[in-house]
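Take a look at these structures.
In the two complexes that follow, chain A is the common piece, with chain B as its partner first and chain C second.
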Partner chain A sequence: MATAAHAGHRLERRYARLGVFLIAPTIVVFSLVIVYPLLAAIYLSFFSVYTPTLEGEFTGADNYIRLLTNAAFWNSLITTLIWTVGTLSLQIVFGVGMALLLHQNLWFRSLARSLVLFPYFVSTVVAVLVWRWLFNDLYGAINHGLMQLGIMDMPLDWLGTMPNAMIGVILVGAWKYFPFVVIAVLARLQTIPEHLYEAAKIDGAGPIARFFDVTLPQLRSVLVVIILLRAIWDFKEFDLIYLLTGGGPVTSTQTLSLLVYQEAFALNEMGQAAAYSIGMMLVMLVFMLVYIRRTAREA
Partner chain B sequence: MAEVVLKDIRKEFGTFVALERLNVAINAGEFVALLGPSGCGKSTTLRMLAGLDFPTAGEISIDGRVVNDVAPGKRDIAMVFQSYALYPHMTVAQNIAYPLKKRGVARPERDAAVAKTATLLQLEPLLNRKPRQLSGGQQQRVALGRALVREPKVFLLDEPLSNLDAKLRSYMRAELIELHRRIGKTMVYVTHDQLEAMTMADRIAVMHDGRLQQFDEPEIIYNQPANRFVAGFIGTPSMNQLEGAIAGSSFVINGEQVPINRALYEQALKDGPVVLGIRPENVSLSGGSLPATVRLVENAGHEQIVTVEIPGGHRLLAREASGQRPSVGQTCQIGFDADFIHLFQPGENGSRFETTGQAHVIPMQAQRSASDES
Partner chain C sequence: MRILRKLGFNLFTWILVLLVAFPLVWMILTSLKPQTELFRIPPTWLPETVTFEHYWRLLTETPFLIYFRNSVVLATTTTVFVVVLGAIGAYSLVRFAYRGRETLATLVLFTYLLPSVVLIIPLYLMMVELGLSNTLASLVLAHTTFALPYALWLLRSFMEGVPEDLESAALVDGASRMGAFRDVILPQLLPGIISTALFTFILSWNEYLYALVLVNSDAVRPLTTGVMTMLISAFNIEWSLLMAASVMMSLPLIVVFAFLQSYLTRGFGAGAVKG
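Let's look at the complex of A and B:
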């Protein structure tokens, strides 16, 4: 008995050592690509650094004071929130709607299921070029179509004026990323037991009541995860907005990512850019904490 | 008055015929069991009654109204699913109240109805729990509660006890019988467990391969099975069936003669092949005329099941009170109690030759304890 327990103990220790050995590569890579840049950014944010040479001098909290007192960061934060909330809401509404549609027994279901993924898989650069062509004020298909239909009589400058530019960016973002919501929701829909719907039918629930009383509660958990993930990704979205409007007109679609980029590579203020990115990270940390609190409470 | 009527129901799934020429009329207040092996179409029948599936042909009526085109929620039925199908995000109270809520019952009346149902099913301490915080038996009671709360005309239950362990199952069986007695509603109960059907139902509809085999009271199903399938399906161990022939006034198998009652062979009409059916409890291991060898003795404590082999290689089961133990290899002269011999038409599912005035009444008590052994 004692020897068996002893052997078991030894085996457990061997497993533990093996475990450490197996996750070691991950930890090393993780440190190199995440922890090091993070520490470097924090370090840089206390300097005034000239980007091309990466030389500069220690300035203490100056960068953070500028962050707090100048309007640039706060305006950009508001822009980021508008963009995130706007595009995320559309992604969720269209994503859930499309998932419900594709969950029905339609004859073109399998074809539609593959087609719907197209925006998500197409490269952002390609997608944005196409959309810029569609949005173009002189020869764009959207203006052309709307004028043909008689909805407007003058071509509209979609990406060059506000609020059109923000609306355009939000729409393209929703178009690009709603397939992610579709996939996740569709996967969950397929696991909802059919019996629940049948019970609801017998209990006298119509299609709308069945959606709110059976489907939606079952989707809740997956929606929380989707919203969190998409919120984080949308919050730090860069290429789509940069390619579509470059942050313009002026700074009206300049989200925090674009602000950091501009500060670092257009104004060559690497230290200030680092401070902005730390600020951005802290905002996202708030999201994270809210999420962790929520999931902890639910479990 | 018949409350639930299935008339000439046929159900096809693609080219597969799941139900054929199904005719059943269930009386108001009756407890009817749909009994049959897996895949015989019990659930399909129940789902069509509920309106979750639709017959390919035929007519379903509930309380005199044809309901073929009536939505499940408007049929005045309630159903208990095998998996319970409780709404996972709602509390027990909300689950039970849901059918009332969807029918626009006001809050105070709803609460009163839930409280009443909870008392009936002893659910009061659980009202604020979520389904996943309940045991199987408790979930089952909540599912029943959700059905009961509305006082529908007909209850449909699809193997509601099959997820429970043996002890809880027999407890819930008694509860359901008691409940039916108290509320007196029509219940249609699907099961593949003959013990459940025999003990609970007023009448049993035995189904096989999408066809109704027999629809009658448990005693009659047991004592006068309509055909070879019912004879073999009801009773454990099941009825012995021997293929032989009628010659003169005897049943002949492998040259050996088994005397049978006059009334019986008169029904069998003429000499020719028949199947003889005899339940193990009506086979005696001595004093008979059929030579046999004991092949296996299974002791179940209060009784033993003895497998014997007769010439020609046929095996028979005999149920013997424990006491003297026959030993394996021993030869004996087995006999059948002539009053309990059944004759069936030859063929896979030959029907039984009816006899008039045959003394075939086993007291219910004895018979139930016989089926209890399963």
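Let's look at the complex of A and C:
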């Protein structure tokens, strides 16, 4: 009996060692490409580094003082929030709406689902090229379509002026990322038990009442997760905005990600850029911690 | 009355679906129009003459094929590297007990949400130091920063779905842990591995920022930055050529969509959103 327990214990220890051995390569790669760069970013943010020569000197908290006192960071933060809130709300509204429609008995439903999913998986570069062509002020399909429908009578400069540029970016972001909401909500809709709807019907609830009394409460938890995740991802979005407007006109669509990039690779101030990126991460950390805690609780 | 309502619903939904799909349809239509037809006011909605000249020019007169090859190499290498590491790592995270396991899982989730712009500056410095700047290897390493946490997280939830009894039964029959992993778990995990591989491949195929910062010569540029340089370097923007490039760039995706779409939706259920 004692020896069996002893052998079991030894086996357990051997298994634990094997487990560590199996995770070791992952830990090494993680430390090399994520943990080390993350610490290096914090370290760099206390230096003034000139990008072309990569030479620099320790400047203490100067970069952070500049971050707090100059308008650049705060303006970008506001732009980022406008972009995030704008595009995220459209994603949620269209996403939930489309999911409800695609959940019904639609002709060629799987084809419709594929078509709706496609923008999410297509490369941002492709999405941006297509939209820049659609938005083209002289030959673009959007201006001509809207003019042919009689909605406007002059072509509009979509990406070169404000507030059109911000509206354009928000719209393209919504188009690109709402399928994520559709997929997640559709998956959840399929698990709502049918009898809940029947009970509501017997109680005399119409379709709208059924949506608010049955569907929405059932979707609540998945919506919280979607909003958290999408808020984090939209907040840090770089490609879509950079490629659509480059942050312009002037800096009106320059979100924090773009600010970091510009500071590091156009203004050649790597230390300041690192400080901006740390500042940005601290803002995001709130959402990240909420999401992580939520996921940990469910696991 | 009922049939009318059904018709109305279908019509309404399909109009919305087609509106969503319109930009992609427009991309294909534009790529088939001759250059002269593009600059007509008002534009022709359907091409009057269909031409494949832009595709031909793209393949023969531009470095598109080099970009395409670079993207294939980059995305494939990243995927294989990350999925192998991820599968073994996920096995360890789910089926073994040791100190720090939970912390590690949380760390993975944290890095999965981390913005790339935080890592890009130190990674750039690191690649310069290692002498890897302007190589595909630097991009593979950089792509690991988002692909590995992603793959690990996805594979971890797929691994949790593999019944533990199967492994125990194999162990009772005298298999070693690694033998059980190979013979029992891997076959069960295969659909999850395929989903993860597809997602990783698409992520890497579509990545832009790292390619922009780490690579600046045509010989190693992947499609994303390569096609964008075609936009910037052109004297007057040749939209039909760019649309042809966009269509070609989306080809792998169209193949995945046509044949493997169920794996994509499965990946969604397992990884990103639970709730």
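Heads up, the rule we're going with is that the second predicted complex is superposed on the first by the 288 of 299 C-alpha atoms of A that agree within 3 Å, B and C clash if a C-alpha of one lies under 4 Å from a C-alpha of the other, contacts with A are read in each partner's own complex, and residues count from 1 in each chain.
Methods note: a contact is a pair of C-beta atoms (placed from the backbone, for glycine too) under 8 Å apart; a residue touches a chain by one contact, two chains touch by 3 or more.
In this text, all values refer to a predicted model and were calculated from it rather than measured experimentally.
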| item | value |
| --- | --- |
| Fit or clash - chain C, chain B, common chain A | fit |
| Which of chain B and chain C A:Leu77 touches, first, second, both or neither | neither |
| Partner chain(s) touched by A:Asp203 [first = chain B, second = chain C, both, neither] | first |
| First, second, both or neither for A:Ile192, with chain B first and chain C second | neither |
| Which partner reaches more residues of chain A (counting touched residues only), chain B or chain C | C |
| First (chain B), second (chain C), both or neither touched by A:Leu115 | second |
| Partner chain(s) touched by A:Ala231 [first = chain B, second = chain C, both, neither] | neither |
| Superposition-derived minimum Cα distance between chain C and chain B (Å) | 13 |
| Footprint overlap on chain A, where chain B in one structure and chain C in the other make contact | none |
| Complex contacts: residues of chain C adjacent to chain A | 9-10, 12-14, 16-18, 20-21, 23-24, 26-27, 30, 38-43, 85-86, 88-89, 91-93, 95-98, 101, 104, 106-111, 113-123, 125-126, 128, 141-142, 144-145, 148-149, 152, 177-178, 202, 205-206, 208-209, 213, 223-224, 227-228, 231, 239, 242-243, 245-246, 249-250, 253, 256-257, 261, 264-265, 268-269, 272-275 |
| Chain A-touching residues of chain B, taken from the complex the two chains share | 50-52, 71-74, 77-79, 81, 83, 85-89, 98-99, 102-103, 146 |
| Chain A residues touching chain B - in the complex, by the definition given at the top | 193, 195-196, 198-206, 209, 213-214, 217-218, 220 |
| Chain C contact footprint on chain A (complex, rising order) | 12, 15-16, 18-20, 22-23, 25-27, 29-30, 32-34, 36-38, 40-41, 44, 54, 98, 101-102, 104, 106-107, 112, 114-119, 121-127, 129-131, 133-134, 136, 138-139, 141, 144, 147-148, 175, 180, 183-184, 187-188, 221-226, 229, 232, 235-236, 238-239, 242-243, 256-257, 260-261, 264-265, 270, 273-274, 277-278, 280-281, 284, 288, 291-292, 295-296, 298 |
